[in-house]
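Below you'll find a set of structures to go through.
Each of the next two complexes has chain A plus one other chain: chain B in the first, chain C in the second.
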Partner chain A sequence: MARLLFWRLLRTALAVWALASGVFLLSRHDVNTALQLAQPEAADLRTGAGTPAARQAQEWATRRRLGLDVPLFYVGRHVPAHAVEGQWHWNGTNNQYHQWLRGVAHGQFGTSFRTGEAVTARLGRALLFTVPLTGSAALLAAVLALWLAQRLAARPAWLGPVRGALVGVHALPLFVIALVLLLLFANPAVLAWFPAYGLDQSTDADLDVGSQLADYLWHLALPVAALTLSALPGLTLQLEASLAHELGSGYATTARAKGLAGRAVIRHHALRNALLPSLAQLAELLPALVAGAVVVEVAFALPGMGRLLAEAAAARDYPVLMGGVLLTGAARLLSLLLTDMLYFWVDPRIRWQS
Partner chain B sequence: MYRVRQNSSAGVLLCLALALLLQGCKANRREAAAIKIRWAHDPENLDPLQLANQTAVDANYLLNCSLLQADLVTHQFAPVLAEALPTVQFLGDSLMRLHYSLRPEATWDNGRPVLATDVAFTLKLMFCPGLPNETPSSEYRFIREILLDPNNPRRFSLVCTGQAVEYVQASGDFFVLPEASLDPGGEMRRFSLADLQHRPATALPNAVLQALAQRYAAAAPGQTPERLPGCGPYRLVKWEKDRYLRFRRKPHWWADRVRPRPVLLEARPARLQYVIIPDAATASLALQRGDLDVFPQMPTREFTRLRTSPAARATLNFYATASYDVTTVGFNTRHAVLADALTRQALSRCLDAAGVLKANELRQGQRTVGLISPSDRLNYNDSLTPVPFDPAGAVRLLRRAGWQRAARPEAGWRRQLPQGGTQELRLVVRYRADEQLFATIALQFQAAAASIGVPVALLPTESGAFSMALRNGDFDVYVRSLRGNPFIFNFTSLLHSQSVGAGNATGFSTPESDRLIEAIAAANTQQRRAVLLRRFQALMQQQAPIVPLFFLSSHIAASKQLTGLHPSSIKPGFTATAMDWAAGPTTPQ
Partner chain C sequence: MAVLTTFSFSWTQKWAFAWLGLLVAVAAVAPALPLPYLPTVPDLAHVAQAPLGPGRHWLGTDVQGRDVLSLLVFGTRTAVLLTLPAALLAACIGALAGGAAGFWGNRRRVETAYWVLAAGGAWWVLRLPAPWLGPLVAALAGARLLMSKRNRPTPGPRLPLDALVMGAATALDSIPRLVLVVAMAASAGGVSATGLLVLLTLTAWPTPARLVRAQMLRVRALPFAEAARAAGVPEWRIWLRHAMPHAIKPLESNFPLSLVSLLSLESTLSFLGVGLPPEIASWGRLMASFRQEPSAWWLLAFPTIMLVISILSLNALARWRRI
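Our next item is the complex of A and B:
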């Protein structure tokens, strides 16, 4: 098992490196847009418009400041002046890719094009806000789905309406759920129970730890509810369908024939087998934990990975974007690995077969 | 047992809900006297040499001072660090000397006076290699030297290349930084401004300049402005990225000693807090709840809705001013079908500016004949009339331009070229996908063009890709806004031949328009410039590379408890430092 895990981890690391390298090299093909966006906005009237030569000098200075004045890769195609055909030549280690890779090996993802800040610090700060938000939502959704699916599998009288409601919520985009919650529970015209934005009251007043925690939870209530509501139907409906399938199996009938109560059959016999597809669904939530939830972060004005990466993409802030790609890519591949491990644990037959 | 467990979990849930509700009630009380202002996005970088957006500019006005600053009330530049507007001395026909004197009250936080050497140092920073100064080095290149008065450390003269009116204002519109913090030994004094301006990019590294660049990078004023404290009225107390920026007024600011004190030197709020709320609907809810005090740049529909709501009217004041942002449609004159003025004039008659204003902006905005705001009585050419929405007239003009309607209606318009071959009139309209107003204009244009048989395809484009498409000429027609102000009328970056492939997206240029743009940029009196600007507007309407549709309104909603907002057409649209609570600030609880 340990040997299998080692090889899988090695493969995962190689896949993350290949993914990040691909994205790095592709992103540099769009570097002119990054340079353009770093220049003053063309839509603003300015005193000094500058001659083409001055603009070129300005662009070169920006390129040098952003570290884009060295060749992209170890080998490159150089087109000499007055020549039509380019020639391949070796650029040595003084290239953008080598510098980036060396930085990554040392845990440094470079500095942001926009702010000059270290990317590691920027990502770390965003994760600090994102993980509690997405983590608590994922946990709540998983626990609620587990509880609700077991109840639904027992075929109660309220099965139809609840299932209909779940399908209805499942059809709603996340931004609609977030807006509905905002307009219902943070609106002085309806119910102003929860705050409309932020993570705290952001005052200078000193609050004790308990008040700070209560304030934080109070601010997180609606965003977590929005994320939970969006994830809950998918998880519940899948698990409920899976449970219904398992309850129709011979071993479940046998268990019932032995006189076991319906709930006991579900919990002790059917649930473990029904969980397999849900494990893959739960593992899907792991990349979202670090990638954030841009819609909810924008709607509730929360800082986090989603907003950071969306804004970095819009501004072509490639160092930040690369850091995000590495992080979410690693989370995605690790989640796949984790799913496989959980499969082995839940159903040993899979391990024997593999 | 199960029932007991169920009851206990219900009780826990109830307690939690009650706690949250109590927390909610408690938080609705105002706890501090900070005035909370909404920003749609974080300034990201507060480096005074690298101001990338309006929020960064606004924040820097709190932390730093410039020689001159635009007065939002009078729409004139007024002195801040300078004692008065500079006196102007023309030297020959191409140079100008501007004589400045700094206020004797002006000091840094440590009590050291702000001197001419600080101004000289700041100007040299703009041209020092290794610093993020690409933009100021381009904008302030017209200042070729600074001459310090040996008899008075507060007096100096700026020698400018050119005698333009706007150079007088622009010469003082930069934040003055402390020499003592970055160059305590005064080593930069051995360099003249001209030395740095003409220093080739390939020059060997200089130890003094390198050391300065390292000290500047170490101070990181973009992220930690407190390490390079300016002489502005506020300190940045806390900056939580993407959440808020808190400013606290300095207890002893130098301008407190200035009598009489102009509005620009007011700093009334003890605390200012800019909160970052990207979504306008969320910001509106926060404003209605009292969690926000000022909501500038409010979307028109939300502004109109709240203004008619009795509950909102009871707690909020509403201000609408004409902005200097003009919505335009541009034609790519480098494309053969749009190279002639008649075709562009014809297509501009398919734009229903009044209809779009009514539909999208609820009639709030001003139609215009050109890129100058109708509010600017001196420079606006009121002898012209806005281009009418006239599809029938467009058909006549297309025929005059040599276009002929094909026999089949869906085949559109074609014209024979003198050198043989035919052209077909088919257009692609690009606009930023995130702007509803641009989408409305593009759809209206498409419908009107279709009614006269011109096929138009719409291409909503992501913001960064849109910038590149404009730069590369990858469009036929674009829709976008231009941000203007009442001070700068330099159209070189937009319409001059030397900006083709950069800011001049339309690719339009004629020798006449180039000469006119240069003359406007060089005009040394406002009257002379006004005459030229009126001619320029007439020429642009006749040539129609850009069709200015309307100037949008700017909307602000603010708490009724605030006074001294001074709503203005100039961004940010109000004077944050002159605001105050009507009944005096409440104390923290």
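Our next item is the complex of A and C:
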């Protein structure tokens, strides 16, 4: 079992590395925009000499500061000044890709182009916000789905409308859910129960811990609700369908014939078997919530990982962007590990076979 | 077989077809429609105006004074022209890659001459030192191929086709699509419509590839494939003519679902302000402008209704086989 798990993780890690390398190499095509965005402000330029030579020196200094002065990859096409066609050239290990890879292996993701801060510090600060958001949403969605699917499997009278509502919400993209919540519950014209933005500005120093926490939860309510609503229908519908399938099988009929209550048949007999396909969905949930955080944090103006990613992408802040991509890959690895452990817990036969 | 089954559409599916047909028609004739205002021209006299107000803005205007109706029409055009080709291309690429990977697996031996031919071509394309060497080697390999048509071909090393295709698909799937597209779209500079199309296709092909590969693994073991092989039909012909028509069956119900995911991905990107340049109208951008003017419900309501009806219609179509 451990060997199987190890190979699976290794394969996913390889895939993440390959994808991150691809994004790294492709993203550097647009180095010129990054340079322009990272240049000192126009006001600073005016005080310096405006001659082309001075500007070139300035640009070269920026390039040097950002580590963009060395070649991109191990091999590259060099175009000499007086030649029509470039020649392939071996750049050695002094290239951007090698430096980035070495940094990642040592746990350093470089420094942000925009702020000059270490990427790990920025990501860490953003994660401190995003992990509670996505974590509580994931937990809430999973628990609610478990509960709701069990209730639905008992075929109550309200099955039809609830299932219809779930299918309807399932059709909505996450940002539409977020905007509709904003329209309904954070709008002075309808209901102004929750704030629409402003989590990072409202932390006054003189507030005590209790009201700070209350403020935090008050700001987080709508984002968590949006993420939960987007994840819930898929999980519930899947689990409900597989519960219905399991309840039609022989052992469920036997349990009912023994005189067990419908609830007990669902909970003690059918649920474990019905959970297996849902676990595969759970593996998708954590990375999907990281992607969902991009949307939700932009919609609710929250200072988290997703907004950091979106802003880094817009500002061509490559080190932050690559850090985010790698972190998302790590979330994928983590959820894979978690799911495999859950598989072994749910179905012991898997443990015996491997 | 499949041709003989009669389709019976349910009531919902007829409406779904009608709605999607309407969308495609609107997208096709959008520039010729008699709209009172163009989406690019702001009407500064009527800014953030409610529907049915003065000035012939039937669905109101946004915060910049642009007409919501014409933004919706041209947003439809953007959505259709972006998602439909992307879904078609992704289905084609996925079917070819997945079908080939499933049919030949990792065991297919390729003649040495083909390897040499590919190496020569790559040499020439990459412009390695002395580029004339590439075509020369390729020509030699081609001549060898032509000659060996008559006598028995010499099998070369195995081609790990399955591992290649599935590895690429796994790599692309290891990160959520939205994060990947945001990272690539933004870092490649303000993407044009074509660039976004390529990006969407690139991230969408793994799903059809997996489906077709799984089906192909089943199809290639069926008796008719064996019968064709026994009759002496060439391998690639069995693949294309006999196996592929059956292997692409799962795509019929997957295609509407792939359209759904592309549609929501496209509008999410426009909402985030990542994909298309700001002057191109799109539903997502219209919905995003609601955040600047929270009292203007019409900015959110109309595009949301369009998007939800489209997605529900596509979901209804995805079930057409099962009815």
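As a working rule, the second predicted complex is superposed on the first by the 286 of 354 C-alpha atoms of A that agree within 3 Å, B and C clash if a C-alpha of one lies under 4 Å from a C-alpha of the other, contacts with A are read in each partner's own complex, and residues count from 1 in each chain.
Methods note: a residue touches a chain if its C-beta (ideal position, glycine included) is under 8 Å from a C-beta of that chain, and two chains touch if they have at least 3 such contacts.
The shown structure was predicted, so the numbers you read here are calculated from the model rather than taken from an experiment.
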Partner chain in contact with A:V294 - chain B first, chain C second, else both or neither:
second
First (chain B), second (chain C), both or neither: which does A:G250 touch?
neither
Is A:G259 touching the first partner chain B, the second partner chain C, both, or neither of them?
neither
Please work out whether A:P161 is in contact with chain B alone, chain C alone, both, or neither, and reply first, second, both or neither.
neither
Which holds for A:A314: it touches chain B only (first), chain C only (second), both, or neither?
both
Touched partner set for A:L182, first chain B, second chain C, both or neither:
both
So in the superposed three-chain picture, is A:L26 touching just chain B, just chain C, both, or none of them (first/second/both/neither)?
second
Would you sort A:G107 into first (chain B), second (chain C), both or neither based on which partner it touches?
neither
Chain B versus chain C as contact partner of A:T51, first or second or both or neither
first
Greater residue coverage of chain A in the superposed arrangement, chain B or chain C
B
Hey, what residues of chain A end up touching chain B and chain C alike?
33, 179, 182-183, 186-189, 196, 298-299, 314, 316
Within the complex, chain C is touched by chain A residues 11-12, 15-16, 18-19, 22-23, 26-27, 29-30, 33, 77, 85-88, 167-168, 171-176, 179-180, 182-183, 186-189, 196, 287-288, 290-291, 294-295, 298-299, 309-310, 313-314, 316, 318, 321, 324-325, 328-329, 332
Considering only the defined contacts, which chain A positions touch chain B in the complex?
32-33, 36-52, 54-55, 57-58, 60-62, 65, 114-117, 122, 125, 179, 182-183, 186-189, 192-199, 201-205, 214-215, 217-218, 221, 298-301, 303-304, 307-308, 311, 314-316
Please name which positions on chain C make contact with chain A in the complex.
126-129, 167, 170-180, 182-189, 260, 264, 267-268, 271-274, 284, 287, 290-291, 294-295, 297, 300, 304, 307-308, 311-312, 315
For the chain B and chain A complex, residues of the former touching the latter:
19-21, 23-24, 27-28, 31-32, 34, 41, 44-45, 47, 52, 129, 132, 134-135, 137-142, 166-167, 170, 201, 220, 222-223, 237, 240-244, 246, 271, 273, 275-279, 281-283, 285-286, 288-289, 291, 311, 462-465, 467-468, 470-471, 480-485, 488-494, 496, 498-499, 501-503, 505, 588-589
